[in-house]
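Before I ask anything, let me first share the structure, which is written out below as structure tokens.
Should a chain be cited, it is by its letter among A, B, C and D, assigned in written order, with residues numbered from 1 in that chain.
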């Protein structure tokens, strides 16, 4: 018989929805010791909080996150807020002894991230950062292939994350769904938003980076700010590219932009090893491309693996072979794994400490771009 | 404020899961007048029914479908049973004045299907058959393109549904998940299981058929029967191919098999019109291929539409552009549309009457194959 | 030191060009005992013949094919004429003791084809029919895979050839490049033109057919005839579909049309075997798709083989791995193989006798469509 | 009536073959004022020169390039030699008043390249560098789209050239086909060999670069040298990555490597503009991907243009729509354009002066990698 685990989500935006959805669904598909209970949502204004609670079946709502954290009936604090609020909320939640799931990136910068790591480790609370793409079955399969040693020595890792939603010059910055354009709320542009995902996956699949060399660009330098109503300087990076050395001797190449017309959310990565290579892309997230040089030379070619079989990671929990799952399911897997870890008393990656490594790379990337020079991670 | 609508699902197999999932999720994403309530699941044995109820949050369970239909607190009877049980259950549910959602194909044959149509129409109850692929956004978009008239005169419609899960000769027939191999339970093999989907979509997109010419094959002629434990003759069609004339003058070509190594659930269709063509495939269900001859000749080509934008059918209810949904969401859309229709007092396609047309084509196909001759629909 | 082999080509159209090109190029890439010499082209009117000879480097030209055949300095008669002229020219060439390469289809019908087979066999002259697609490296590789036995028992063979060039109703029939629309010159429409290719490949890869069941359609029933200037009834099939049984127990499905908007020359085939499957398509002719069920289940997928390595058929004669060759090269390979066979005194497939089998299938297909019934091959 | 133009090719390797092939074929497909005559090939040793001449139909052969240049019966000197010989031969040919076609890259470095530019301009001889990829029809089409202004403001240009042929550690360097691994013969590794192609295309499609920031790597640091028989230090770059600013304000990202397992010759580029984007890849060189944001939003998607229609660049000279040409044809187009320019007395791009710009970028890239810093071009 499963035990209830009371969830309090702070933030009722896009990520608030993906997390609520995950908690609601997870035990329909996974056998867990804990049954998540949607106890409280915290959002603003009050109407939004009430309506979010109704739609998603939360038992209650709050408009002040401190109140939510103060409640005894909350076991897990799930932070779905803009980046500039992660630190304060997470530290308070840790101090209150709550389990914490925090949206990525961990923090505005490494210093903040370090404080957060210290807080959760001091409090001894389970903690996880929502780098959800790790748990798309094809990406998890990539990790299994890497761990199998099939690739041999790694030569190259490349990733990019291409979007096109901010090309219009009359798109405002700041407030609601557009806080990602406001440097005060986001800390950075595509680096923290998109490259952070690419870096998290890369560190997971290919190990730590040694140094980076980056270039950033802001194509549209002024936009109306929704909070002030005035045209203000844009402080974020619209595009960021960097190359790097990995500790294992391979070279990395990363790029993110919101100005790649034709791509909505094209996160792709590729790993080239001595014996085999792997490619993946978020626009067809249910496939993994795999090239095995050990195949007989006449019939050697890139395999397009339709990651929908019972043998594939997580897939035995869903439908039948051949039938796709989608983006949202990565959050369900994340919750399944996190709750399993809590039940076992085991840390689940990426913890705050793991995510701090991604933060450090982001910081080095931004410093390199600013200083026009290589930067140690 | 939404009104509760009490759901009773009969059948706790694969389709029982997809339907339960749809009812649980629909109001998280769609604003509906009715709120479905998972009132009762009916399954066998009792343990399975209880555990299904727990997992999916049904308030109660039954082991006798007659009891479920007899309950006053059930508004909708949702039939997720093998084909040979559709008729009896549906007629009883209609007699009890229940709203009915029935899995496809409608019935074992046209005669049964006609009885069922008569029953629901006499009872005046809302009814729908679960040809869920209509409500995959890319397929719905195909319909919108057809309706726009962009294709011009239609010349060709072709579809196939290729699987490979029954190639192993030691796979038994009958019982549980394998009733689809048992002609007594399924009525036919790939014709009712796979071609029925292809035909439903075709009739929806391209209008009625006039006549058909078919070939069927049973590659593995004997299999152990799980219910008897004996090796028995296989009565189903392992593969079926037919061509046909549509009323609009176009030619149709259809094929289904469970012996196409390398394809798990490759349902594809293509429509060739005078001015434009459309292609779709279930293995990448979030894409629609579109060729428009009106494009400037130098830059004319098949467009791969990533059907994930807010402008695409149903997609404004989900996440953000570029992020895929999957197979299961077609059932959510089906429930959303059905409940909307019920609220408005409007029929929602495909009704039992609509599905009877698909049944007639299936029957003509099987008769043609048996008689080695053209058959009027 | 290579010996000259004098070539006389009859017909200066599209195929006259592809054959001339092949003879001119073959010894740049293949080491052959014979060096083809472009001795004479026969075409009409005289201006066209002269200019063709100049462009392609023929030593002389003719306007009467009987004269070309009568010349002692011609070793090979290469027939690139409309179908209705194959019989007479081939029989005359055989009577003159010439080696013969004849464009496909062999003849207007089986009776003609039989006469031609008898003629070349009686004369004992080397002979070949230009089913050039066999010698696209990816198709030859498909044959090698089939011969390796990797596929196991074959269940399905399907092929189609989709074009869209005759959709315009004001396209005339007959004369010059449009003789393919004139039943008097072509004998049939897509059946002899396109399906003949599909059938030749199928017989080569999957063995003989037992019986066929076909449907044909003429979408545009009247067109201006270029030779008469009048609107005349269209006698050809615009589209043809058939299914069949192969002798090996597998099912076949074939379709050709010139009304598939968006496809220029989309010849595709697929073979589904118990253990593995193969797909190919002429629009990306340098690739072969291969699925091997023997691969480890986690990393199993369709392989896209870029058929450009030195290990691939014919490819060691061309450039370096990764660099594509194209359509025309199939004719170069055909000439290379034919001349090698001549040097060795060995028949090279498909001979007239081989091509007669394809003719028989075409004839059965047309008879089936006309008679609305199954037809033995 | 066309006039003969006598060609002397220096170098009988891979490029000697592609150029010979182009001259032999060009007037079969293009109407030119000049008819190239394969007058002399220069290669070593003598046997190789003789056999090359025989195979390709050269009237004579030489083993000393000075003799070839000294011959009065040579109009065009075509340089297909390793990079370290370009300068001396080109300058001598210019001094002799010859028309010059030189393989890429222009030279070992900018200083050499400048000398060569000065020499041909002083001599007033027609000159061209063989950046053949410009003349693949899909790439030429990309240029036409760029020139049409359809893309709007350009944000991003990215290209890579991925190969895997030098992964084996026991592959020697130097001599014959392996001079590309020998820094003394090649000047650099992938930068001059592969990136030079990417840069040439980029400058052509997107205009000049301002500054670059690069990283190079040599994965295998010692290899047996074929000329000395000893294990020697590898002096070339095995991989090179750089990003840059273009003068038009867009960002560039380039990568080349010979250690990308699974890719034989995967040259790809992509341009992202405000209104439209373009992608191309050498492994499917007959296709161009095009995304036009001006398309109706519901049916907007990347178009896969099969560049085989009569409306496409160069394609009206070849076969019929739908039929692919390949790699080698880019050289035929190059010769067609060059001979047309010579006839008209017009320079044909890329001239030596144009190619010097690519050389400058290569030099800046290598300097940046060495200096670990941004470098002005």
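To be clear about the criterion, a contact is a pair of C-beta atoms (placed from the backbone, for glycine too) under 8 Å apart; a residue touches a chain by one contact, two chains touch by 3 or more.
Just so we're clear, the structure is a prediction, and the values are computed from it rather than from any experiment.
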item: Farthest chain relative to chain D (centres taken as mean CA coordinates); value: B
item: Pair with more cross-chain C-beta pairs in contact, given A-C and A-B; value: A-B
item: Chain A-chain D separation of Cα centroids, rounded to whole Å; value: 42
item: Between chain C and chain A, distance of the C-alpha-averaged centres to the nearest whole Å; value: 55
item: Distance from the mean Cα position of chain B to that of chain A, given in whole angstrom; value: 36
item: Multi-partner residues of chain D (each touching 2 or more other chains); value: 263, 302, 306, 309
item: Chain A residues touching chain B - in the complex, by the definition given at the top; value: 14, 17-18, 20-21, 24-25, 27-28, 55-57, 163, 165, 263-266, 282-286, 306, 308-309, 318-329
item: Chain C partner contacts - residues on chain A that touch it in the complex; value: 141, 144-145, 287-288, 290, 292, 295, 297-306, 309, 311-312
item: Touching residues on chain C, where the partner in the complex is chain B; value: 155-156, 158, 162, 164, 167, 213, 215, 217, 219, 239, 241, 243, 249, 251, 253, 255, 257, 259-263, 272-277, 291, 293, 302, 372-374
